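The two complexes that follow have subunit A in common; it is paired with subunit B in the first and with subunit C in the second.
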Partner chain A sequence: MGLFRYTIRTFGRELALILIAAIWWVPFYFLITVSLKPADELYTNPSGLPSHVEFSNFSSAWEGVGGVTLGDALKSSAIITAGSIAALIVIGSLCAYAIARREGRISTGLYALFVFGIIIPFQLGLIPIYVTMRKVGLAGTYPGTILLYTGLLMPLAVFLYTGFVRRLPRDYEEAAYVDGASRLRTFIRVVFPLLRPVTATVAMLATVIIWNDFFIQVIFLSGSPRLTLPVAVYSFVGQYASQWNLVFAAVIITILPLLAFYVFAQRQLIKGFSGGVKS
Partner chain B sequence: MASVALKDVSKVYADGTHAVHSLDLEIEDGEFVVLVGPSGCGKTTVLRMVGGLEEISAGELTIGDRVANALGPRERDIAMVFQNYALYPHMSVFENIAFPLRAQRANRAEVKQRVESTARLLGLEKHLRRKPRNLSGGQRQRVAMGRALIRQPEVFLMDEPLSNLDANLRSEMRGEIIKLQRELGVTTIYVTHDQVEAMTMGNRIAVLRDGLLQQEGRPQDLYQEPDNLFVARFIGSPPMNLFRAVLQVADGKVVCRLHGDELVLPEGYLDRRAALGRYVGREVAVGVRPEHLRDARIAPEHPRLRGEALLVETLGAERQVHLRLPAAAVLTQEVLDVVRDFDAPAVEELRAAGDDRQAEAIARFDADAEAAVGDTVELGLVAEKLRFFDLDSGASIK
Partner chain C sequence: MSSSSSPVEDTLGGTAGRPGSRLRSPTFRRTRSLTGIPLLWALPGVALVVAFIYVAFGAGAWYAFTSWDGVSASAPWVGLDNFKEIVNDPSARDALWHTLELTAAFVILVNVIGLSFALALNRTVKSRNWLRAALFAPVIVSPIAVSYVWQYIFAFTGPLNSLFGTLGLSSWQHDWLGDPDWAIWTILVLLVWQYAGLTMSFYLAGLQGIPEELDEAAAVDGASTAFRLRRVTLPLLAPATTVSVALTTIFGLRVFDQVVGLTEGGPGGATETLATQVYKQGFVQGRFGYSAAFALILTALVAIVSLTQIAVLRRREARL
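Entry: the complex of A and B
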């Protein structure tokens, strides 16, 4: 293996790569500059930097439309996302543990069913689901939406958890049984903590999917006071079609919590994908 | 403490693999028994069956006065040390050791007091807050021991607990485990495939091969009176030297005819070994321990044989001389099984050479004995210590 030498060519190559990567920053540039611009500069200077920073765009955007503030929408999004993730983690990990550790046709069949669930487009069942949920009074409610997302994302959660549990040495569980722990205690105290990387992955993926989802939320929550951020921003576009600075400010408010979560959980996410537990 | 008894215990896996065949073994209260054998011989399966981690296909397991076949691991009051320790990686050393007590819902003060006293016993006081990944191999091993000790179980099960340690640490920990076991007097079943561990640690050794018990008894008995070729070859380091010979009687003396030489045994030899008389005129396997192959110049009174020195290892207190004997090698399945355990490719090579292959042997000479590579060495064989085996059955001729 030769020693790595940093030459002018290396520098050039790096610079080129940085420039190519910078293309991905262009939408963010517009998002940030437009959200900080006064309204009169939107058409006179659309791509330049704002002449002065207009933070009031954010407070105006925060007011929201139709009596639902962005604060309310943020709360709804947070409740639905957190509720769904909690259910996905608890049910998904237990279910995957049983599938991975129980040998036999039942668990193989169950696993196949879950994988099948990832492949089938949920839109196929949308109308019956909607009709049923309205009938039982779950449409437009937090529990209903949480139940829906939990069901839709459970195949993915079970798939990821099962793969991870299968690679987890059985020794830890066997040691716990011999040490006198029950099955449930073994799962809670020994297995579940070892699933942390994949739990982070499931939480991360589910958060991104649920937080950003527009389709289900607009169908199941429209008309209720429990509007989520994507639906609220959408209503915003309708009302302030000419005031892109307010729309962009609302978009930034929407993506900030997610961005923070992503930065926080990135390491766990990578670990979860690469798998394995180090003793 | 409790005794453990396996009566006619078998294990057949779902795929039809017969891992253990009708095993009968009784371990007395407070005894330290070592299960030893090559990889895949079923020793770990036996241990796991005692631990309740593997179902028993047939037979009966008794721990104390309870039949334990249907009891789960937590109802058996046993503790186990795993080969890779299986320390919970997310817990500190304190939490790892405390885990069995927490499972018993012991109160906080008791947990703290007992973990601290166990840590003191094992010299782990300074490491209680650390995670297993920040410990050395020896320290991890101690934590695993601590987790097993803290509950004061009826039976200790240890599955090759020293195999991940380097040689120095292994010998140190070996001593510590023996000391601890003697102090606590807990019935212990210890699995290893290292016969040095087996010889030095146990009150009794049980040798397994392909799921069958080959012999059990005190280490010295197995060493001196192996029941068959497998035990003869497996127990002892260096192993027992084996060669083929045809037994004949001439002038009242027993003569072992080899390829190109002969070994004349003292008069009256057959009188002391009646069973050997039936083998006169037949080929047998002759076994001799390295310490019973003497330098004939120093010990002229023994029956003699010539060998060619292939390698001389000076070990300070002694010299180990590797020799080629004027006899055919013993390459029965039992012997090849032992070879396979530590040098699998060599088995094919040995098999290819077949009956023509000359026997090789190792002699343990005094440090000042003179021997150089290429020399023809005159060997004196301690006749009373020779062992004879049936080549077909592999059984010892006693």
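Entry: the complex of A and C
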């Protein structure tokens, strides 16, 4: 214990780290200061603090582009993220429970199907999915996009849930079942509440992945009125190129919901992201 | 199996469903057994994965050998023509090369920096929780959105050049995004900035699994810091390193958002990557067969990385 004390060298290391973290945050400094600058200061004063705070940048950015306000985009992002997560949790937990609580070749095979699904990149499959969804009218809709994300992230959800259920003792659920509750009722009332930690991990990872994803959203939602925030910002830059104060206001509106969430849940989030290493 | 187990184990142990378990004490006799959750419960999940991952993957791989335009009813089979075109077209070859050089540089830098952060933060530093949170923050920020901040920083009239000007280093000033030789490295800077916090968290999780006594014992025995790092810490970090290197390699191979946000593939195609080609050839130009060929190459590269990772982890487990 006593060996790794706080010495003068530790202090030096701490100062160096604080300096590095400050450098790491320089982009956030520009993001905030530029978003609050009046337009004429963008070139006369690119790096300093704004002479006065120009909140109207945010109301201008909020107007969005092509009739889609950032409010609309925020709504689309929220609907798609929330809808996909709800589906992932319901379908994923049931599926993983059935796989984890059964023995035999079928469940082993199904588990392998999901684990292998994690490492298959989605880009190749996206081409036929896009063409099919366009044909049946699901491209550019909420249900189509939610269905797509649910399918693509299902392997991750089932993998996380199955690992957790396997470590869960059967005592509680067997007691409830012996007491006469149906299998489904046992799952809903007894098992699902016990899965809370892994449900939180699934929800957090899926939130960050879906909220920030651009590739799928620009393909499936471009040209529809249901632009999400990443696509709206992209279109916004297309229209307001080099009006950096407005662009940065739009960027802040895009990243703020997740950053706010991060402030409250950073410990769990970092743990959720680095969870794969423990094994 | 059952022949070797003693009667005591049979009464105490809980292998449910075995014929012998019926003979346990009558109070424990089960009228209903929970084993055998209906497989039907797994069906929606299985159907989704089969449709959106396996069938889609198979159909996409098929398209890679056709000249399909995404509209016609038929997709004419063209054999290896798409791949021949990629090999013979300098701009397509460049996209592959950019992806590989960017990935290699990214994987090395982001892992070295993330590991350094983790080692520096591990133990004793008082503000470690704050620092960890600050360095991880870029990971959860929308890549396309934050790319525009970096586009501003790297702009010719932007803060980076103006900083060099103030420091009297005008010869360092460049048109970072407009110069074909420099543009790709701006993407590298952005990628490393965004994901160093992620690799740091992998290595921190790995470090937590190393008992402090081990490092302490080596230190008491007179091992230098460098020796301890090389012979004690790094070998024990191998699992974290494997995961971190594999994941960042896949991130690098798939790079898309940061390219679109910083350079849109320009100037003059100098920053096109496999993923931007998948998007542009297919979803913009409508050459879905050709686009699928790029995606198939991307998939093959990712598969090589993933399978190597699994093999490395397996072999290490076998050795332990």
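The criterion applied here is as follows: the second predicted complex is superposed on the first by the 253 of 279 C-alpha atoms of A that agree within 3 Å, B and C clash if a C-alpha of one lies under 4 Å from a C-alpha of the other, contacts with A are read in each partner's own complex, and residues count from 1 in each chain.
What we mean here is this: a residue touches a chain if its C-beta (ideal position, glycine included) is under 8 Å from a C-beta of that chain, and two chains touch if they have at least 3 such contacts.
For clarity, every value in this text was computed on a predicted model and none was experimentally measured.
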In the overlay, answer first, second, both or neither for which of subunit B and subunit C A:Ser59 touches.
-> neither
In the overlay, answer first, second, both or neither for which of subunit B and subunit C A:Thr44 touches.
-> neither
In the superposed arrangement, does A:Tyr177 touch subunit B (first), subunit C (second), both or neither?
-> both
Partner chain in contact with A:Val190 - subunit B first, subunit C second, else both or neither = first
Based on the superposed arrangement, let me know which partner A:Leu152 touches: subunit B (first), subunit C (second), both, or neither?
-> second
Winner by number of subunit A residues touched, once subunit B and subunit C are compared = C
Is A:Val34 contacted by the first partner subunit B, the second partner subunit C, both or neither?
-> second
Residues of subunit A that lie at the interface with subunit B and also at the interface with subunit C | 174, 177-178, 277-279
Write out the stretch or stretches of subunit A touching subunit C in their complex.
-> 1, 3-6, 10, 13-14, 16-18, 20-21, 24-28, 30-31, 34, 43, 46-47, 91-92, 94-99, 101-103, 106-107, 110, 113-114, 117, 119-131, 147-148, 150-152, 154-155, 158, 170, 173-174, 177-178, 183, 186, 208, 211-212, 214-215, 218-219, 229-230, 233-234, 237, 244, 247-248, 250-251, 254-255, 258-259, 262, 266, 269-271, 273-279
Residue positions on subunit A within touch of subunit B in the complex are 169, 171-172, 174-182, 185, 189-190, 193-194, 196, 277-279
Which bits of subunit C are touching subunit A when the two form their complex?
-> 30-32, 34-46, 48-54, 56-57, 59-61, 63-64, 70, 117, 120-121, 123-127, 131-146, 148-150, 152-153, 157-159, 162-163, 193, 196, 198, 201-202, 204-206, 209, 212, 216, 219-220, 239-240, 243-244, 250, 254, 256-257, 260-261, 275, 278-279, 282-283, 288, 291-292, 295-296, 298-299, 302-303, 306
Interface with subunit A, subunit B side, in the complex: residues 51-53, 72-74, 78-80, 82, 84-90, 99-100, 102-104, 132-133, 147, 151, 157
